[in-house]
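To start, I am sharing the structure in question, which I have written as structure tokens.
Chain lettering (A, B, C and D) follows the sequence in which the chains are written, and residue indices restart at 1 in each chain.
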Amino acid sequence: MNIKQVKHKIQYYETDKMGIVHHSNYIRWFEEARLDFLEQVGLNFAEFEKEGLISPVLSISARYLSPMKYGDNAIINVYLTKVSNYKFEFSYEIIDAINQEKKVEGESSHCFLNNTGTPVSLKKEKFEIWNKLYNMVIKKGENK
Amino acid sequence: MNIKQVKHKIQYYETDKMGIVHHSNYIRWFEEARLDFLEQVGLNFAEFEKEGLISPVLSISARYLSPMKYGDNAIINVYLTKVSNYKFEFSYEIIDAINQEKKVEGESSHCFLNNTGTPVSLKKEKFEIWNKLYNMVIKKGENK
Amino acid sequence: MNIKQVKHKIQYYETDKMGIVHHSNYIRWFEEARLDFLEQVGLNFAEFEKEGLISPVLSISARYLSPMKYGDNAIINVYLTKVSNYKFEFSYEIIDAINQEKKVEGESSHCFLNNTGTPVSLKKEKFEIWNKLYNMVIKKGENK
Amino acid sequence: MNIKQVKHKIQYYETDKMGIVHHSNYIRWFEEARLDFLEQVGLNFAEFEKEGLISPVLSISARYLSPMKYGDNAIINVYLTKVSNYKFEFSYEIIDAINQEKKVEGESSHCFLNNTGTPVSLKKEKFEIWNKLYNMVIKKGENK
């Protein structure tokens, strides 16, 4: 399955007084790309939450290699790196759309909860989606 | 009843590349002061929403008189200017805590909805709170 | 001159606990559409600011007609309604991309300042751009 | 030197449709506490940047142990864990002000740049501040 990249035009309101994108925004773009990825795979989050399931963030990390500026265009690549019964993990690359320079890289991990806060096995509850995700996992060192 | 003013220390992440507070943040501080005001009057929003009631914003306006910067401290004054069965209106002044200079002024209006989206009469549903609010309305031209 | 509409996919991080877009974000999208409009007309803000000019917001207003949700797609229409030597004014409509329902409408006004904070006449400093803008002003009641 | 803790009242605009604080906001509170810490030590960032120095974020990480909600009050503890000539590192704990439960923990690293983007040795440029910071470094395993 071919995943369409997410493009993000950098907005004035995303900058700070250093004149560059505030570092908290890249964390938001990780989410932007992750939910778009899941939607492309068939896990629409708006639908997902209507069924009483949520997927909170367990951890996040980011390395800021080079700043982005207002007027730049970002491409956000997202890779599924691990899927287990209760948890899934992603890695990210944010790239300048013009010169392909890598700007930010990072990772995040997530679980599934029902509306009482109990962990949910996606494998049990949504096997079809879980299986699709499982088959999309990219091993380390593998060509992306 | 004496309402305690809301103080807001301006954060780096609230600035933009102009080097000043991004104008959308003052709108957030209006909310910050409004919910604090309602809490002081006895309408705790976290409790309020647990009962299935919400209070969306109907309109907002702001005049930006002078910019605020990272490191400044803001005082946000909020005044209840109108209370009817279904609607209430506020006005705001954002003031520099040091020199008392007025930086931003604005207004907002709000209604009440239950969780099916139907307008709710606060006067009927929460008379005690409604009555308290009604008695706090400040007429135009009145000394604040 | 035909102005291309700005499309904005609503992000999860733009919602609040009411389950709808937080009202401060529409103010950001006004900016998103305004700067895109100016860029299309030839006033690139990144370039503009390199010359030491800035354009702070003087006032903003918005009426929230109907909430937008995560997963919705917005179209933001922007109209130039007034251009004078020192000031310009815009009006906005935010529309659901699917059913064309109007969700939010609003206005904003802006001036130009140099890096010492002195008001700048765009008509004098950038006549070509000023003139282009002047010819794009939409009169009230005019068909958009 | 005794560092005063930063308290942060959780705002409605910091929540998302899951009904909890959006995870990107904790990253902002890390900054809030870090800049407050530096200010207490004598490195006022507003002054610092007037001299043409900036301090961008190199990396960030966070583990989300338990969600915070609108109406909660957070305490943000910040610890300086490493100071070298060109780089400094912090760790963070975000704690519920009422029950002292740890909610989020994380780390960040930072460098110093002048306005041409060249790395700056804080040890050379601001020895007094650098030395003060150096003496505040907390070793791992040390009682905080």
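The working rule: a contact is a pair of C-beta atoms (placed from the backbone, for glycine too) under 8 Å apart; a residue touches a chain by one contact, two chains touch by 3 or more.
Keep in mind the model is a prediction, meaning the values are calculated, not measured.
Asker: Measuring between mean CA coordinates, which chain is farthest from chain B?
Answerer: Result for max centroid distance from chain B is chain A.
Asker: If you tally contacting C-beta pairs, which comes out ahead, C-D or A-C? Let me know.
Answerer: Looking at contacts between chains, A-C has the larger number.
Asker: Rounded to a whole Å, what is the gap between the Cα centroids of chain A and chain C?
Answerer: 29
Asker: Distance between chain A and chain D based on Cα centroids, please, to the nearest Å.
Answerer: That pair's centroid distance is 25 Å.
Asker: For chain C versus chain D, what separation do you get between their C-alpha means, in angstrom?
Answerer: 34
Asker: Would you pick out the residues of chain B that each touch at least 2 other chains?
Answerer: 12-13, 17-18, 20, 24, 28, 31, 70
Asker: Considering only the defined contacts, which chain A positions touch chain B in the complex?
Answerer: It comes out as residues 12-13, 15-20, 22, 24, 70.
Asker: Note which residues of chain D are touching chain A in the complex, please.
Answerer: Going through chain D, the ones touching chain A are 17-18, 20, 23-25, 27-28, 31, 49, 54, 56-64, 67.
Asker: Flag every residue of chain B that touches chain D in the complex, lowest number first.
Answerer: Answer in residue numbers: 11-13, 28, 31-32, 35, 44-46, 69-71.
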